[in-house]
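There are structures below to look over.
In the two complexes that follow, chain A is the common piece, with chain B as its partner first and chain C second.
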Partner chain A sequence: MAVNGALAAPSAKRQRRLLADGSNVERRWLLWPPLAFFLLTVAGPVVALVHQALSGEDNAFAEALQSEVFVASVGRTLLLAVVVTAATVLVGTIYALAIAVGPVWVKALLMGGLLISLWTSVMVRTIGWMLLELPTGAIFWLLNKLQLRSSPIEIYQTTAAMYPAMIAVMLPFAVLPILAAVLAFDREQLRAATIFGAGPLLTLGAVVLPTIRQAMISGGVLVFVMSMGFYVTPMLLGGPGNMTVSGIINAQLNTANRADVGAAMSLLLVGGTVAIYLVADRLFKVSERWG
Partner chain B sequence: MTDSPLRRSIGWYRIPILIVAVLTCLLFYLPFLVVVATSWTGTSYIIFPPEGFSLQSYIGVLGDVEWMDAFKISLRVAGIGTVIAVLLGTLGALALTRLRSRAARRWIRTLFIVPMAIPPVAYAVGLYSVSLRATALQDNLGLLILGEALLAVPYVFVMVSSGLSQADPALRPVASTLGAGWPMIVWRVDLPMIAGHMLAGAVFAFAVIFDEVVLSVFLTPVGVKTLPLQMLTASQEELSPQLTAASTLVSMAAVLLLGGYSLFSSRRAARARRLSRKAATV
Partner chain C sequence: MSIALSIQDVRVTLGQFEVLRGVSLDAAPGTFVTLLGASGSGKTTLLNVIAGLQHIDSGHVLFDGQNVESRPPRKRKVGVVFQSYALFPHMTVGENVAFPLRAARRPTAERRKVVQEMLDLVDLGTMVNRSPASLSGGQRQRVALARALASDPGILLLDEPMAALDKQLRERMQVEIKRIQQQVGITTVAVTHDQAEAMTMSDLVAIMHEGQLVQIDSPENLYRRPVDEYVAGFLGEANLFPADRQGLLPPGTGDTAVGTAVIRPEDLVVVDPAQAAGHWQVKGVVRLVSFQGSRFRLEMTTPSGQSVVCSLPPHTDASVLVPGAEVTLGCVDPDRIHVIRPAQADQPLKLVA
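And then the complex of A and B:
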């Protein structure tokens, strides 16, 4: 109805505006609400953090950077992020390939595992790992049943306890983009490689990996930046000796009662992580793969 | 099978790949199975393997005001947060298709995905310092909901964008030539095409917000807890079968809900494929 009305009386000016791809009015209504929301929810906290960091008597940033605990936790978190990223990208590639080439029951098993991981809360999964790794938990029960060990195991709240759990938490974020790439790429290339006599290794190295490399990088960048902010899983499983930057920030606020230093550390963490993402985005066009 | 070429060209390397993958998926199944198993123990403390079989901890959780309140709070936060995130993520994805300049498109895309990279603890501290200065934002869930919505926007944006990228780019100019104004184009052309993707984005956003624990650590008013926060506190005290029973219940609910949803959407996709095949043969 309204279409007919508009057709019947199109003023020249109006029609020009309508035909233009993305008028200003249109863009304003579509783009401004989200931008205003971002401004509110991002700039607000950042301003508040800067204000709080400057509220102390000393320079909170200098204090944060000179604090040995903080510097050590930055190193630990970076190491953790690197290890988790490398492991999830490597295992994630294998996992995605296995979903593509496995028999139906393996496919179902692997997809089921992914979905369980995606659909259950990080808290639930972390609690599961706690129950596995407690001194007399499920792993001990199994080893004991197999008569491999009779004294309680001591991995709970150690570095060894947190890595498998963190890799399990992050793995779906690596597998999903890689899986999409594996399922999407051109099978004719594989046929061509086989016809020209390429063996499995050469095919993997020269055909499969180059086509899915972009997806591996995207997944890896996502896992890396998310690992930089890891908090709950390392805290519950890694114990006080393995505090991440997030854990240190929390301690500054709640135990040390230094809100200014905590705010400075938060700014450094957010700034560092977002900068890493932006650089990776420029280099590898990560966002373009998603949006 | 579509993947016989891949299978053939990988050859016997398939075996180690499958073995590693199957072992890896134990990382997904084992913690979950242990949580479920410990929840039906007949004892009042957590023990593995469980002793006996009883549903007492389930009855305990469902009758416990603290757990049920936490569940309701989480539903409310996730519900409102999801609405905000879906609205803004969809607007952003639509705006992206209407931008001509490559640089602008690139920045907008990055802007809508960057919240994924924000470390939750640092962001929570930021929101907390906002609440210290604005008394109106204290003692309510407003800031928590806004913050969670921001963290969920990227998921909606990605889903809706992928839906829009599959759409026929000629439709909008056609509608515009026929005289439809932009609100009508959005309403009658874009939204029907991306409704399924919006729903998928909403499901994802809801799950993300419902599970998120860090923001609630810093931003819930005294005495109010979201479900993940209640779990976190309970896991830092003595582990009880109630904790694993609650975990099992909420996971089961998620699996049923999301499993039902994906079954529904894959049925719909299959029907759409059948229809389009039929249309092609006619």
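And then the complex of A and C:
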């Protein structure tokens, strides 16, 4: 738009407009820092990974795809990402609505909890969950104090143990975009719904949710993409039976000493995630929301 | 279905501030009442009280003689056109209009029929499947009106309905809303701060000032016979002069005044001081003459500093009325002068121009 306008203007005027306008030829050098950053942090490592993957004698990609452990972990990771995404978006929507409509102390509590969680290292939080879930950990201690249980709880290193922790880790990434949409919501529409006779359920289902639907999808895609690379939390809490793709890649690099296969698996994971993102974008127009 | 509205001594306090200070209002079924007042006068609060969106501290709200204070908004059967229209953006025009029926769990066939009826009523019959975002401001307002009327409410509430429209469209929609209101025959309460809008649409105009209703009357009576200086100055241009029980006093003898005479600009004429001797007249210096199509607007300043506005017919020869020229104004028809209630003895007379 700005470029078209500038071209249509007389040349003398164009010169001035170009200088006044930040997005033009004279200022293109401003693009170099982000481009350099991209080359250094994204393009470079990807090229290095491709190089690594092609360094072995055999076709590392074929080897990766033939590995039963890898294929199984891909299925497991996809399932995990889908479940975590669905649960996080559900909890996140309720959380965001509670922040928006709750009394001030609820707002402060929920918002504070969210930010503290966001600012704390994933490792620290995962170890926190570990302490809760150990056979004689905090949950057991509490149940024992309440005289509800006397034998240790066997949830540590099971699938059930890792989901709550993963949802907690991912929650801010779902809540923040949804909260932005909820806060931008026109309150007069709620009054309109009330005036025209809608009960709470119809108001939620027909007025509120459709308005924040796009934000829920954006948050969901974000959580999904991040969940595909989950490593620490499922490894520590889910145990060896719940090895994700990241865990398998780590094993290839550090245990099996097959850096080429590990690199190929990494590229397959990145490529697959990007492919899923592109499909989601086509379906839900996610990128439009992110600018 | 159209109801009689009765509001009895309603008081509302928001925080420390008394927003409504004993408001009473009665409207017969089918009446179009406009609440007119400056911002902060409490008119929107009063509208919310009728809708049930605002809790009242004391007083009563009656629909057809029945107390509705404890009835929640969704049970009051009111239709509201919100200031921002509050159309649901993800629904089509038709779905928006059908919403009140959907909330009332009416069958789909009936919804479709009513939607078509309502959209035909507001001249948008072909727009059922459009999205609100693709409509113009005036069309959105019509959709909001159709939705407000869809569930056959007993009373229609309009909150600053023209605020988002430009001037030309505003005038068209005022006439349009009045037509639809008369066609449906529904009791209507509108809120506005635009006096022309209030006078165009309403059967009754209620002037609100600082949380109270100052005067409720037909537009004509409000203009001709304002109860006080505030109403006189709020509705149209008014020249206020001291008066006693007999009528206008000559300028400069204000100390014996017991009332205020309201002279509208069109009741003043330029006179020859010699010819008009013996009649009431006021001298001054022309400050500004502007041609406004249907009239010349002459503004002059009296020796005491009061500004007086006079309307002259558009074919007047205004060449002598240059700023600075001396001019004498007289009254066309002294019987048309309205004198505001004689001031009480202990209350000093206010002169506002």
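Annotations for the structure displayed:
By our rule, the second predicted complex is superposed on the first by the 253 of 291 C-alpha atoms of A that agree within 3 Å, B and C clash if a C-alpha of one lies under 4 Å from a C-alpha of the other, contacts with A are read in each partner's own complex, and residues count from 1 in each chain.
The criterion applied here is as follows: a contact is a pair of C-beta atoms (placed from the backbone, for glycine too) under 8 Å apart; a residue touches a chain by one contact, two chains touch by 3 or more.
Since the model is a prediction, treat every value here as computed from it, not as a measurement.
After alignment on the shared chain A, the placement of chain B and chain C results in a side-by-side fit free of clashes.
When the two complexes are overlaid on their common chain A, residue A:Phe37 makes contact with chain B while staying clear of chain C. Of the two partner chains placed around the shared chain by superposition, chain B is the only one that A:Ser266 touches, whereas chain C remains out of contact. In the superposition on chain A, A:Ile94 contacts chain B only, with no contact to chain C. After overlaying the two complexes on the shared chain, residue contacts for A:Leu131 are found with chain B alone; chain C is out of touch. Contact comparison for chain A: of chain B and chain C, B touches the greater number of residues. Contacts of A:Glu63 after superposition on the shared chain: neither chain B nor chain C is touched.
Shared-chain residue A:Thr194: touches chain B and chain C both.
In the superposition on chain A, contact of A:Thr211 is made with chain C only, not with chain B.
With chain A used as the common frame, chain B approaches chain C to a shortest CA-CA distance of 9 Å. Shared contact residues on chain A (touching chain B in one structure, chain C in the other): 191, 193-194, 198-199, 207. The part of chain A that touches chain B in the complex is made up of residues 2-3, 6-7, 10, 15, 18-19, 21-23, 25-27, 29-31, 33-34, 37-38, 40-42, 44-46, 48-49, 51-52, 91, 94-95, 97-102, 106, 109-110, 112-132, 134, 137-138, 141, 164-165, 167-168, 171, 182, 187, 190-191, 193-194, 198-201, 203-204, 207-208, 222, 225-226, 228-229, 231-232, 236, 245-246, 249-250, 253, 259, 262-263, 265-267, 269-270, 273-274, 276-278, 281, 286-288, 290-291.
By the touch rule above, chain B contacts chain A in their complex via residues 2-3, 5-14, 17-18, 20-22, 24-25, 27-35, 38, 46, 48-49, 84, 87-89, 91-96, 98-100, 106, 108-123, 125-127, 129-130, 132-133, 146-147, 149-150, 153-154, 157-158, 161-162, 172-173, 176-184, 186, 207, 210-211, 213-214, 217, 228, 231-232, 235-236, 239, 243-244, 247, 250-251, 254-255, 258-259. Residues of chain C that touch chain A in their complex: 51, 53, 72-75, 78-80, 82-84, 86, 88-91, 99-100, 102-104, 147, 151.
On the chain A side of its complex with chain C, the touching residues are 186, 188-189, 191-199, 202, 206-207, 210-211, 213.
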